[in-house]
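This structure is in structure tokens; I'll ask about it shortly.
The chains carry the letters A, B, C and D, assigned in the order they are written, with residues numbered from 1 in each.
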Amino acid sequence: MKTILVTGFEPFGGSAVNPSQQVASAVNGERMSECRVVSQILPVDRIHGPEALLAAIADYHPDAVLCLGEADRRTSISIERIAINLMDYRIPDNLGEQIQDLPILQDGPAAYFSSLPVREIYAAILAAGIPAELSLSAGAFLCNQVFYMGRHSVARQEIPIPLGFIHLPALPEQVALAPAPFASMSYETSLRAIRLALEVIAKTL
Amino acid sequence: MKTILVTGFEPFGGSAVNPSQQVASAVNGERMSECRVVSQILPVDRIHGPEALLAAIADYHPDAVLCLGEADRRTSISIERIAINLMDYRIPDNLGEQIQDLPILQDGPAAYFSSLPVREIYAAILAAGIPAELSLSAGAFLCNQVFYMGRHSVARQEIPIPLGFIHLPALPEQVALAPAPFASMSYETSLRAIRLALEVIAKTL
Amino acid sequence: MKTILVTGFEPFGGSAVNPSQQVASAVNGERMSECRVVSQILPVDRIHGPEALLAAIADYHPDAVLCLGEADRRTSISIERIAINLMDYRIPDNLGEQIQDLPILQDGPAAYFSSLPVREIYAAILAAGIPAELSLSAGAFLCNQVFYMGRHSVARQEIPIPLGFIHLPALPEQVALAPAPFASMSYETSLRAIRLALEVIAKTL
Amino acid sequence: MKTILVTGFEPFGGSAVNPSQQVASAVNGERMSECRVVSQILPVDRIHGPEALLAAIADYHPDAVLCLGEADRRTSISIERIAINLMDYRIPDNLGEQIQDLPILQDGPAAYFSSLPVREIYAAILAAGIPAELSLSAGAFLCNQVFYMGRHSVARQEIPIPLGFIHLPALPEQVALAPAPFASMSYETSLRAIRLALEVIAKTL
């Protein structure tokens, strides 16, 4: 049986929850086509976030990896196309560090494209009536960094496995605390979207 | 037993669904505290929309009225504070008419404030972790018109009953068809918010 | 010779400038058709803001009044249609008071429509290639309050004079200091728009 | 004397004007510190856009290149950090072609970072009170494509010259024609920002 590794992040930036943590935890142990899903929650800091992803890849030997993260202010499921070799944190990470204008890897390539079938995932989510977009930027914080390090790591393997990233909008309960209202998506809708993405990925394995 | 009348609207503007129709239909027959809820779906046209509301008020003799409508592009449950004496349609109504710069009632007052406990409704929805806002404009289309005509009608009764309006964001499936993504709210979240609003209203009766 | 009174506001909310002050000051003494323009800058507080407007009307005996204010986050010249009888300040005024849910006038009408030719002003500004919109809400802070009190005052005169309100976007230099970028309009563009509005008003006198 | 090549684009997408064309034309022949500026306007099509840039670099032997483009809906001067190896046009180019999901160069690297001093340019524009942002995506249309091909070309030179891209918001007259208002920036403000960027670039040469 094939394995898909799904990762989410711990809460950060003062929030007590993170939709990517909730969705990743919910799909842990589920079956999609002939695949089983295993999940791992990553810390939101420069050192341990990428480390935990690479350790999970080493532990589970997955056949594909889908990383999830939270993107405040986005209105739709954002299927990321590309990870870039840049750290430029708009807020401090959970270790309190706020890095500006540094490469993730001193001699790494400028970017890696997602190796998941992003167009098919996008079409499947939209077809289910869930707002989605193909996104050209995963930011320059931990989400991008984990995505970049994951892609860098699997690109060097003998048989590289597909790996990519999807951003989820904030949860309604996170937005309800904001001084001015912005967009949110319910946990149930995000979970439904990610199950559809996993079905698409499972079928390609 | 007291009665709360809840209204929603038919789909319009090319959409096949309307969250206000779905939510109003869902609460039909429910009990809140010592109140029962009755629902009525209104046509989206200048003539029959307000008529249907006034007929429902005459039929059901409700003790309070909560009108619901759909507000594309809004991110939050919008508790409307005020209805204004203006028709300035940004799109044609379902009869194909697009009115510009006309009063709803030639000699009516410029505006009516909501007579629902808007601040308490707002607090109850936010406290449940659902994004909400107190809104200063219900637009100048059918939503505002029905709100205005309802308030005008009850203001002239001997014992005026509380009446107000809440706008719901578009449903995810409506946004998924849009050329560019904008905010949505799931049916379940909107329904939960309206049940909370009805609880607040029921307690004041 | 006829007189048009133009008012702007002092800076508020921590800003050192206010586009409405700059534009109102710039048109002071100008001639439009057969009219002269006189300007008055109003304090941003609950007591002295409306007082200063009413005093200027008493002093100058204007034939029309155009009040200007600043509306952060708006992208366009916003020609306001209506002033409402509500104070619900989102920030403290310059006296440090932040009022919630109070009427401006205990027994005043719910609202007053602008008595300026708003549709013609809108068309003239758009025709000059300047982004504009007819707005349904002037907020519930000082701008709305001054607009409401001005309309209330002239409505009671024997020969009521036209009075209305236009909101200007923030200036670029105000936005440049914001943590996240939002829309602005240059002083020159806003000034050009207000001169066009004054030409339209002058022609109706 | 050193030379800075500035490029702009022809109008596209149904518009009759393009702020990047106007600003690039305005700075043609100007002197910044010890540098002269030469300008070139590029066609908005897949074939001739990149060709015209590479031809101008071959003709003028510039010491630095600043490409400009128009980004509708942005509120600020957007200093682009990175060009990616992807064509995914949201509208047809001026030859009527709308490419989806193709690399610009079959075997090119995934991305190139700007080699202009982006942080210094950003600081200089902000310090002058002009809204600016460091942007992580130049899109996947002609702007990104020209930026990518320019960077690819100079990266292969023996002495690579700095090359980068800045997006300008739409002009007010473009926005005034839009069905719903969105942000714009005046020609004068954009021009002032680009002159500041050129001063920063000139000082590094």
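For this structure, a couple of remarks:
FYI, a residue touches a chain if its C-beta (ideal position, glycine included) is under 8 Å from a C-beta of that chain, and two chains touch if they have at least 3 such contacts.
Just so we're clear, the structure is a prediction, and the values are computed from it rather than from any experiment.
Across B-C and C-D, it is C-D that has more C-beta pairs touching.
Rotation angle relating chain A to chain B: 180°, from a CA superposition, given to the nearest 5. In summary, the interface at A-B recurs among the listed pairs A-D, C-D or B-C; the equivalent pair, sharing over half of its contacts by residue number, is C-D.
Chain D has its Cα centroid 38 Å from the Cα centroid of chain C. The centroid of the Cα atoms in chain B and the matching centroid in chain C are 31 Å apart. Residue positions of chain A touching 2 or more other chains: there are none.
Counting only pairs that meet the touch rule, the chains in contact are A-B, A-D, B-C, C-D. Within the complex formed with chain B, the chain A residues making contact are 75-76, 126, 128-133, 172-173, 175-176, 178, 181-186, 188-189. On chain A, the positions that touch chain D within their shared complex are 81-82, 84-86, 88, 101, 109-113, 119, 134, 136-137, 139-140.
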